[in-house]
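Working notes, structure below.
Chain IDs A, B, C, D and E follow the sequence of writing; residue 1 opens each chain.
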Amino acid sequence: MTEFLLAAALLVLVTVLGGLVRVLRGPADADRIMAAQLLGTGGIAALLLAGVAMAAPALFDLALILAVLAAFASVAMARLAPGDDPREPGP
Amino acid sequence: MTGTIFGLVGAALIGIGLFGMLVRRDALLRILSFNLLGGGVFLVFGAVARRGAGAGFGGDPVPQAIILTGIVVAFAATTLAVALVLRLAAAKDRA
Amino acid sequence: MAWDMLPMLAVMLPVLAMVAAVPLGARGAERLTLAYAPVGLALAIGIMLVVQLGGVPIRQELGHWAPPLGIAFRADGLAAAMLLTAALIIGAIAIFARADFGTAAGAAERRQAFAFWPLLLGLWAAINLAVVANDLFTLYVALELLTFAAMPLVCLDGSRATLQAALRYLMFALLGSVLYLLGVALIYGSAGTLDIVLLAQRVRGDIPVMIAIAVMTAGLLAKTALLPLHLWLPPAHAGAPAAASAVLSALVVKGSFVLVLRLWFGVMARVPMPDAAQILAGLGAAAILLGSVAALGQARLKLLVAYSTVAQIGYLFLMFPLLAASAGEVAAKAWTGGVVQAVSHAFAKAAMFLAAGIMAARFGHDRIADLSGAGRAMPVTLLTFALAGLSLMGVPPSGGFAAKWLLLSAAIGAGQWWWALVILGGGLLTGGYVYRVLAMGLRAGDPAPEPAPVAWQRDGIALALALVSVVLGFLPLAAFGLVQIGRLDVSP
Amino acid sequence: MSLLADGVTILCVLAGLVFFAAGTVGLLRFPDTASRLHALTKADHLGLGLVVLGLLPQMDSLAGILRLLAFWALVLLASAATGPMIARLLRRQGGIT
Amino acid sequence: MIPALAADGLLAAGILALALGCVATRRAFASAALFIAYGLLLALAWARLDAPDVALTEASIGAGLSGVLLLGGVRRLEGLAEPSPDAETGPLLTILIGIGCAALTVAIGAAVLLLPDPTPSLAPQVAANLATTDLGNPVTAVLMSFRALDTLLESAVVLLAVVCVWALTPEGGWGGVAGLRQPVVRDGPLALLARVLPPLGIVIAIHILWVGADAPGGKFQAAAVLAAMWLMPWMAGLAPAPRIDARWLRLVLAAGPALFILIGLGGALAEGAFLAYPPGWAKPLILAIEIVLTASIAVALALLVMGPPEPPR
């Protein structure tokens, strides 16, 4: 089981890293935000799989922090992207 | 092995970050490059920590603690630099 | 009272005062700073006496954790000299700055006033930490503390030019500290400790360590503004308010300089690097000559003083090849000469910037060509400038003379006579730019139409600092024995 | 018990992987940003959901199960909020083609 | 072994690709988005390096707060009249700098490869002394006991950074509300998230702080999450930023470092060395410092991201 979960974690990593191409190439800002979000979700999935496989609760906490801050960062990216509502100044 | 791989990644990041800091003219991109450079330095330190694993720890806790401190200090420096860049741009605006 | 507490108190009390200054607000912070200044001075004098009388450095292991696991403070002779210098200068600046950054009772808090006092306290803490800390990473934190405290001082006035200067300074400083940190990582990986005393015993000249020392030195030189990494200094130091310029030029660049000394003659005490030392001194010589020539050509007084700092920093690096190539008395002379140069330049330059600030405030500008009449209108200020200038030139008897004489005779003793030529040539050029200002000031003329009277305290403080710089030259040579205490490159 | 649990885990995690792969392929291959957004929000979060579902049988405590579910809820919430924001951003930047 | 190597290789390639993208991209927003993705991957790399405490810090501060700060900077810079960008570096100089940086990379890489094997380590010493601190997490023990001085000074550095950022307040803005005023967003997805996420985040932060004594986690990570949970409703205009001359604000900022120093001085009086904890008191004192410090650092981090007050328009 452990091997299967670790392999699955690796595969998740492989697929979401494929999405990196979108972050790098865009072309729209929305593409970049989405790809970064996918990276976050994939990272969480990989950490959960690895955390269960290796019985390492620290990885769960890391996934938790990642989830909260990925939400925060996604919101910030969507809100602060140039061209979004000009009435709203950013931080 | 993991330690060495990321140590080398750190070395590469140092080069990339320094290049960005020296070549790019946009102040924010320079600050961002500074962060890449800092990340590289922390990774080199992390490689040292990983190679010092022992006594039941996955890595030497002393450099790990130092990196942690370093990340916070680097963040404070980044905020300072961003605030300064914004203030300067606003001053130009008014001038 | 346990004497080993003194260095710790000299660091932690200003940190505590800085922290307390934030909730106290501008007025409270000002009072706190002025109240703390004599305490800090007493601590510095106490440390100097203990080190001098005991003949050994003061050491404290924090939390009773001995290095390599823990961190130790170690105040040697160099640290004692720098602590006292910092205490005297910062105390003087605090009194001087009351007129600019004071807050009257009941008055609303102003931005500059709120920021200045915690920054001054933070800067003091950072300098003290940089000279007594004995751990390479703690020294990194000291460097960052120093940068954070110094950067806003540069642009306190908020004009566009000063903001630009501050940004450039910040970039240089951040790059410098991150390079330093890189070296810390490599040294830890090679030797398994960051304690300088332990490193001095453990370090061999293997490749990772040499690379580490190279990047750390490069980073620190950027912070010390040694030519060719000096470009940030003149606009930053010339644009700041006079009180801020004085601490920046007198103390902040010395903090990173002390770190270079700790690296070369602490960590690398057993690994001589004579060729690299020649390069450093070559850069120093170039700084002396080019910096002085640039100062000669400046139209504005504060820029002239700032370029003079670039030149005087060059002298500090002449000691490196002399120490690397010799031992015994010649090396001792070089070491003392370098440290006395750092101290006497600190006092002279603080005095000079304050005098320049007083003149600029009086005339409403600092164009050298329009300073005629200064001698009649403000003789004390011009006298201050002249005394500080004499010390920078190295005219006997002054602290600058003692420093340059020691370096000169060490250069001859070490058989490296070419540095002696540089010292003499630099002195002549320094004489040139100081004379330029004095000659213009003594010319008859009318200063400002309706001059605001200069508070005598401000003139007095600037004059006192200049006098200290001169009086250093009267000290018997034995007094300089202090700075030899605890040198890691000679102890067995 | 263990065999059944492991079987469920393997099935669900594999299905999750398929969705992750589908999300990535969609992100890479779909011609315009708007359809990429659809591909992503659907596939990505179903993928994580299935992984979470698959890991549930491996948990030996209720706290662990709740924690896993909390992850999914958190990510769904974030996605629910950012999806419309990204769509609006797309409209404003004129990215819908 | 092979999968582990593959994971490392993938992460390494991803990190380097994103870093190169950051430096090469023409548009600042794209660079900042890349930087956030880079931070995410870096956090995974730290997990692979068996440094979970660092991974938590990198995820929360390195990727999260830094990324949002840079994004905000990009956004505000374009709001200001675009300053005429200085000429890009010439091609010859670019190549020269590139060669220099590559040489530096090679030198550092060589240094990493040439480090002594086995690398000297303090891990055995930490393990031997861990029991005296009553802590289970060795990194927390280093941060709060063996090298507590660094942590103390760092908290002072963060406070000083707040002073520095405030010192950059434009004329007429002093005493105002930190950062730009955010327009109120009462409904819509942002408002929803801004209302729902913070309670969750606060629970998570408390958890991270609490486990920090014995497991990966601690005050910096918890403080970063708390700061993010404040910034979120602030960006939606639902939680106002404080006035920078508010007495409570300044007291909270100073409380953590001040308590730390005072406990340290207490150690000097009672035990004869600064930051020495009396036997048996180590854990309660450390916990007290951590809790107060978390509050101070969280407020400081949030204020740093918000930036200096703006004069009313």
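Everything that follows uses one rule, which is that contacts are C-beta pairs under 8 Å (C-beta built on N, C-alpha and C of every residue); 3 or more make two chains touch, one makes a residue touch a chain.
It should be emphasised that the depicted structure is a prediction, and the values quoted were computed from it without experimental measurement.
The chains touching chain C as well as chain E are B. Fewest steps needed to get from chain B to chain E, stepping only to touching chains, is 1.
Using the mean of the Cα atoms as each chain's centre, the chain most removed from chain D is C. Set against the Cα centre of chain A, the chain with the most distant centre is C.
If you tally contacting C-beta pairs for each pair of chains, B-E comes out on top. For the pair chain A and chain B, the distance between mean C-alpha positions equals 21 Å. Note on chain placement: the centre of chain D and the centre of chain E lie 28 Å apart, centres being C-alpha means. Mean C-alpha positions place chain A and chain D at a centre distance of 11 Å.
Averaged C-alpha coordinates give centres for chain C and chain D that are 58 Å from one another.
The set of chain C residues touching two or more other chains comprises 69, 137, 141, 144, 148, 151, 155, 158, 182, 186, 189, 192.
Contact with two or more other chains is made by residues 14, 18, 44, 47-48, 51-52, 62, 66, 69, 73, 76-77, 80, 84-85, 87, 91-92 of chain B. Residue positions 69, 72, 74, 76, 104, 108, 111-112, 115, 119-122, 126, 146-147, 150, 154, 157, 161, 164, 168, 170, 190, 193, 197, 200, 305, 307 of chain E each touch two or more of the other chains.
In this structure, the chains touch in the following pairs: A-D, A-E, B-C, B-E, C-E, D-E. Residue ranges of chain C in contact with chain E, taken from their complex: 2, 5, 8, 12, 15-16, 18-20, 22-23, 25, 60-65, 68-71, 108-112, 114-115, 118-119, 122, 125, 129, 137-138, 141-142, 144-145, 148-149, 151-152, 155-156, 158, 182, 186, 189-193, 206-208, 211-212, 215. In the complex of the two chains, the chain A residues touching chain D come out as 1, 4-5, 8, 11-12, 15-16, 18-19, 21-22, 28-31, 33-35, 37-38, 41-42, 44-45, 48-49, 52, 60, 63-64, 67-68, 70-71, 74-75, 78-79, 81-85. Contact residues on chain E toward chain D in their complex (touch as defined above): 188-190, 192-193, 196-197, 200. Residue ranges on chain D touching chain A, taken from their complex, read 6, 9-10, 13-14, 16-17, 20-21, 23-25, 27-28, 33, 36-37, 40, 44-45, 47-48, 51-52, 55, 58-59, 67-68, 70-71, 74-75, 77-79, 81-82, 85-86, 88-90, 92-93, 95.
Those residues of chain E that touch chain A in the shared complex are 3, 6-7, 10-11, 13-14, 17-18, 21, 29-30, 33-34, 36-37, 40-41, 43-44, 47, 52, 55-56, 59-60, 63-64, 67-69, 71-72, 74-76, 78-79, 179-183, 185, 190, 193, 197, 200-201, 204, 207-208, 211, 215-217, 221, 224-225, 228-229, 231-232, 234-235, 305-307.
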